[in-house]
Amino acid sequence: MKTARVFRLSMAHPGDLSELENLITSGTVAASDVVAIIGKTEGNGGVNDFTRGYFTQTLMALLSKHLNKPAAQLIHEIPCVLSGGTEGVMSPHYSVFCIGEADASTRQYPSALAIGTAFSAPVAAEDVGRRAHVESVTAAVREAIANAGIEKLDDVHFVQVKCPCVTVARAAAAIAAGKTPLTNDPNKSMAFARAAGAFGVALALGEIKPGDFKESSLLSDFTIQSPRASISSGVEVESNEVIVLGNSPAWAGPLRISHRQMSDALDICGIVDVLADLDIPARPQVTAADADRIACVLVKCEPDRRGKIRSNRHTMLDDTDINAQRHIRGAVAGLVAGVVGDGRIFVSGGAEHQGPDGGGLIAVIASQARGNA
Amino acid sequence: MKTARVFRLSMAHPGDLSELENLITSGTVAASDVVAIIGKTEGNGGVNDFTRGYFTQTLMALLSKHLNKPAAQLIHEIPCVLSGGTEGVMSPHYSVFCIGEADASTRQYPSALAIGTAFSAPVAAEDVGRRAHVESVTAAVREAIANAGIEKLDDVHFVQVKCPCVTVARAAAAIAAGKTPLTNDPNKSMAFARAAGAFGVALALGEIKPGDFKESSLLSDFTIQSPRASISSGVEVESNEVIVLGNSPAWAGPLRISHRQMSDALDICGIVDVLADLDIPARPQVTAADADRIACVLVKCEPDRRGKIRSNRHTMLDDTDINAQRHIRGAVAGLVAGVVGDGRIFVSGGAEHQGPDGGGLIAVIASQARGNA
Amino acid sequence: MKTARVFRLSMAHPGDLSELENLITSGTVAASDVVAIIGKTEGNGGVNDFTRGYFTQTLMALLSKHLNKPAAQLIHEIPCVLSGGTEGVMSPHYSVFCIGEADASTRQYPSALAIGTAFSAPVAAEDVGRRAHVESVTAAVREAIANAGIEKLDDVHFVQVKCPCVTVARAAAAIAAGKTPLTNDPNKSMAFARAAGAFGVALALGEIKPGDFKESSLLSDFTIQSPRASISSGVEVESNEVIVLGNSPAWAGPLRISHRQMSDALDICGIVDVLADLDIPARPQVTAADADRIACVLVKCEPDRRGKIRSNRHTMLDDTDINAQRHIRGAVAGLVAGVVGDGRIFVSGGAEHQGPDGGGLIAVIASQARGNA
Amino acid sequence: MKTARVFRLSMAHPGDLSELENLITSGTVAASDVVAIIGKTEGNGGVNDFTRGYFTQTLMALLSKHLNKPAAQLIHEIPCVLSGGTEGVMSPHYSVFCIGEADASTRQYPSALAIGTAFSAPVAAEDVGRRAHVESVTAAVREAIANAGIEKLDDVHFVQVKCPCVTVARAAAAIAAGKTPLTNDPNKSMAFARAAGAFGVALALGEIKPGDFKESSLLSDFTIQSPRASISSGVEVESNEVIVLGNSPAWAGPLRISHRQMSDALDICGIVDVLADLDIPARPQVTAADADRIACVLVKCEPDRRGKIRSNRHTMLDDTDINAQRHIRGAVAGLVAGVVGDGRIFVSGGAEHQGPDGGGLIAVIASQARGNA
């Protein structure tokens, strides 16, 4: 039966894949085991963040060398989801998701981490942030769930989607071709793309139905949320790339995933609760021994668009110097890293419709405690 | 006997003192009770942060109107210590420290919050960050301790000093006058000024002796620390402004202060411990009822200059887009605000020599629990 | 007959009005002569730029002291138009526009600089950027033209309007009151407010008629332009503040104004031409003697929203680190300052509908050459 | 005899070398002709600007494919000097310097553009910005001049050096190894590295002698300048990479180079003069026909460290939001681009010792006018 492994690796700069290369060279990982990457690079996380493209180019060149497949092909087979911006205490790192075979007789736990991936067709510039985009995401998420072999939608805990957006150049090209992009403001486009991704995940997970929303609901009706969606958007992709993470009795291995909603940017309870789900106490910090059991921490967050957090004014949305997403990532990462005692966490902004306004979600993958066997 | 009151007030912008005006107009506070202000304004916290000057001008005009004293005089009588930068979840606010008289017969607790203030003479541009600056701070801190009526140095928990620094213009003027400023880089000057402040506090509190350091120890020998010093630096002051906060049996009232070191930027234990000192549990978050007892949270922090936090690389010091102090303030504020459930916290960067490298300190003022009476 | 004087003064920081104070104290200027201020302060020029409020508060306190009128009244009588952002070679400064009386018998030139000002009623948050906003501007501009005594609309060369915008807080308040602001994104609101200002000026100058545009034309139909409008927007004003500058035979004095369109950000010809209009050659730089004749340089500019300048891609609109308006101000100021040899120039971004896309306008006030008398 | 060609190519993003690929694929350029690259990428130009590494990786992979040499070898053979930061009107682009053979009988001009390159050995972290670094640069520049076949030092017009600097990580590693880097502040290190480069060029060109300076003269004695040095510094190189450009009778072809000092950031005369040297008038802008003759524009500039430009205060050095180098690049590029009518110009900050304080240099390569033959 299948078994998932997750390696959390550090990088010295966005083009540094030496830790993965070492794992491959030493035989710990076969290049063909690698099915997905989720990472944080030290860019600004905005339209002009090229650290993601740099990392991806380097990764694909590395895998290409070991797999004897062209990088241009791999880029459409292995989702590489990077979130730029390691504000504050975050440490640049990437998690490598691998699938291997395990002997069913050795399984220790009734269910284990399951992984599935999928790619949609390219999304046209004029479709970004529109219903066609939503539907494109939904189809890809369903394919990834099937690919993971997860039968119950409740067993899905985290759906990462990387959506394309428009740049000024792409918008201009579309306009020149007689098309009408939703916006030619790249930051706005990224927001609409993330909304489309969240709606697409919600549809795929049965949390909403096609008739529950209109195109205009995107970025306006924030009661529509998917508490398991984690959407990024960036200039470097043209199709939706999907990674589904859940638990399944069809998979073996010690890893398990859980998720919780974060109700706002101060919701330390959500963090402590998701750790408790995995039998990891935080009083107030996870012990070093338990921290070693944690394989991956995935967080989405968002500056509250009402301008206040628990009735106190925040200044993130009115700041012309620092982008609001950089503000919120730095703050929430400070909180999560303080609880888990480790800065190698994936905290991504832009959580529109991926939890309550001003909040988001946290998912953690950890080895199951021995006593659970 | 004397009693201290602390009002934590919000502002809509750096020139908005309406909440204090309301307190004065309504008679809750007499303008003459106000002895010090500590606040966070929404600037960048750097040399070109004019939100501090704007707030100060507005404050002094307000008090001038009510006290019938010129603003130009008040500015040398009432320390107004502002830290720019409300990154992430921080909310712009200011704490007004007031001293009143209480009938000794009504006292509830054996000791209570005590406040003392002092101003040094102006510091010349060429002295900033040098031994003369250190000594100037020491003398002012001693004066403020005496002024607070605190007899035991152990009862001092927090010494806030606002130190002058050089700007490019001030440095140029000094050079034109034949003087040699330590640096003409304003950000560097602010760092040296903060170091001088910390050394000055350490001397005043007896933590170090004059022979324990050389001028070159500033910003180089980080074993020299004062765990109770909180130093700011800014272009808007020319002399050292000192606020001493401690507990004293000579004071009445429900308030009490405690402090703890933060060993690094992930040290949630230091936060939980200082709250426990004041009988405020955080499991994991302070309850709303206990949060109401908290009058003021004061934090200093610093990006670890070794480039790592608990062996993982951070990117704060190499970032040309966002100043390192803005990074660390946002991260540490995210952690502290998550524990106390409130973004109205004073988190100030630039903690050189004010705790271990990469760490800092946290002090909390809270009403004593009823059972303590 | 009336005569206009313009003093271009430097400041050490946004609260430094000492040069104006010196002029008043020395008797060069009577406080009652001051009718308007246009200046550049060293903020970021965005929603959270409080240098403008700081300067304004200081200015009004100064004038209040000398005029014995409350600052709160003066702020509705004397337009103080500040543009934040002294990127690159720009030097923080402010131009003080004064009106005095001249003996008609001494006049040297057939016409001279004329100044008029006006204030509209406050603009509601939900009206910002809408037709009601346009009409409010138009009425105020007409009042200012009348106020200047300019009879021919062709003699109007520069109409400065400072328009209110929404902040996150104002938008939230309006929504809570059941109103629908055009946007709750403050930067977007500032852009719509500038568009409304430009349409209002175009209407007042007869460049367009009310039926020539729809509300949706704002920020979408860029063929609608007023080549004499200079619009700023900021959080610190609630009504439209208007300053009209032109030439009039009813005014005496040596000063004269001219303006030219800048067709794009590289249009050095527009700069040289407007100087030539005033008999000031630039080959390639204005001589020091001629530079002394220049009293004020006023420029509006805008990053080309098509993403290219003369077929080469620019990166201003895709930059998450530096706001696009800061980029363009720095570049255009570099060009204008290089021609005039002086960094004390007013270069303001946000030139939507105030010239061609990617371009803007330049107006210069200078003393007329002796030979012209 | 040898002939130089220069191709100025645009890029859609830092990993886009498609225009060069097209030239190679179409046979216009042989990969083996390429001897150097100088370009502007759209990063921040600071320590954490990874657009340079991304471009370089892409370039070397492209050349590797066509030359059948490993990229790791090419990187030590072909200097790739990139300056991050396309502030304002600058357009991301790169100039490809190629050397070919020309039949001596067809030569049109008595001398023509000559190119030489060289690489030094790696510079240790503790040597960066010290005399050893200076000497390493000098040796490499001499090698490049010889390599170009330029016999008279007066014929050298532009010496580009890319110097290594320390990052926080490199500095920490050096310290751990018992070494003492000059600074562990990466931005400071970049400045010292640029100073060492300028001193090295001045020595190589005979402008100064070894006894003319002390190690402490770097970044302190600004009377020491090389008006032909253009130094960059970045994290992505470990040795000094040198490109020498000059004119030589030993070379054929239409191209010619000239250079001028820029005395300050407003020195439009320097720009017009260097164009005049090449028979290109700018009245005030270069005509489209003449603009086509321009192959490359190379500029160095620097914010005046005395805080003023022609007696007016600038704010570049006191800005915590935008790095001073980004400010000055945007301003000077605005001026130069306005004169040449083209944003594809190389404007690089950090001109310490590469011209007068606050100024810099400009070099232009252009085809010689027909009449010159």
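By written order: A, B, C and D. Residues from 1 in each chain.
As a convention for this text, a contact is a pair of C-beta atoms (placed from the backbone, for glycine too) under 8 Å apart; a residue touches a chain by one contact, two chains touch by 3 or more.
Predicted model, so just to flag it, every value in this text is computed and none were measured.
More inter-chain C-beta contacts link the pair A-C than the other of A-D and A-C. Using CA-based centroids throughout, the chain positioned farthest away from chain A is C. If you average the Cα atoms of chain B and of chain D, the two centres end up 46 Å apart.
The distance from the centre of chain A to the centre of chain D, each centre being the mean of the chain's C-alpha atoms, comes to 40 Å. Distance between chain centres (mean CA atoms), chain A to chain C: 46 Å. Contact with two or more other chains is made by residues 12, 42, 44, 48, 169, 313, 315, 319, 321, 326 of chain A. Within the complex formed with chain C, the chain D residues making contact are 10, 12, 42, 44, 86-93, 265-269, 271-272, 282-285, 309-310, 312-316, 319, 321-322, 326-328, 330-335, 337-339, 341-344. Chain C contributes residues 44-49, 167-169, 172, 184-187, 305-308, 313, 315, 317-321, 323, 326 to its touches with chain A in the complex. Of all the residues in chain A, the ones that touch chain D in their complex are 12-15, 42-43, 48, 50-51, 53-54, 57-58, 61, 169, 235, 321.
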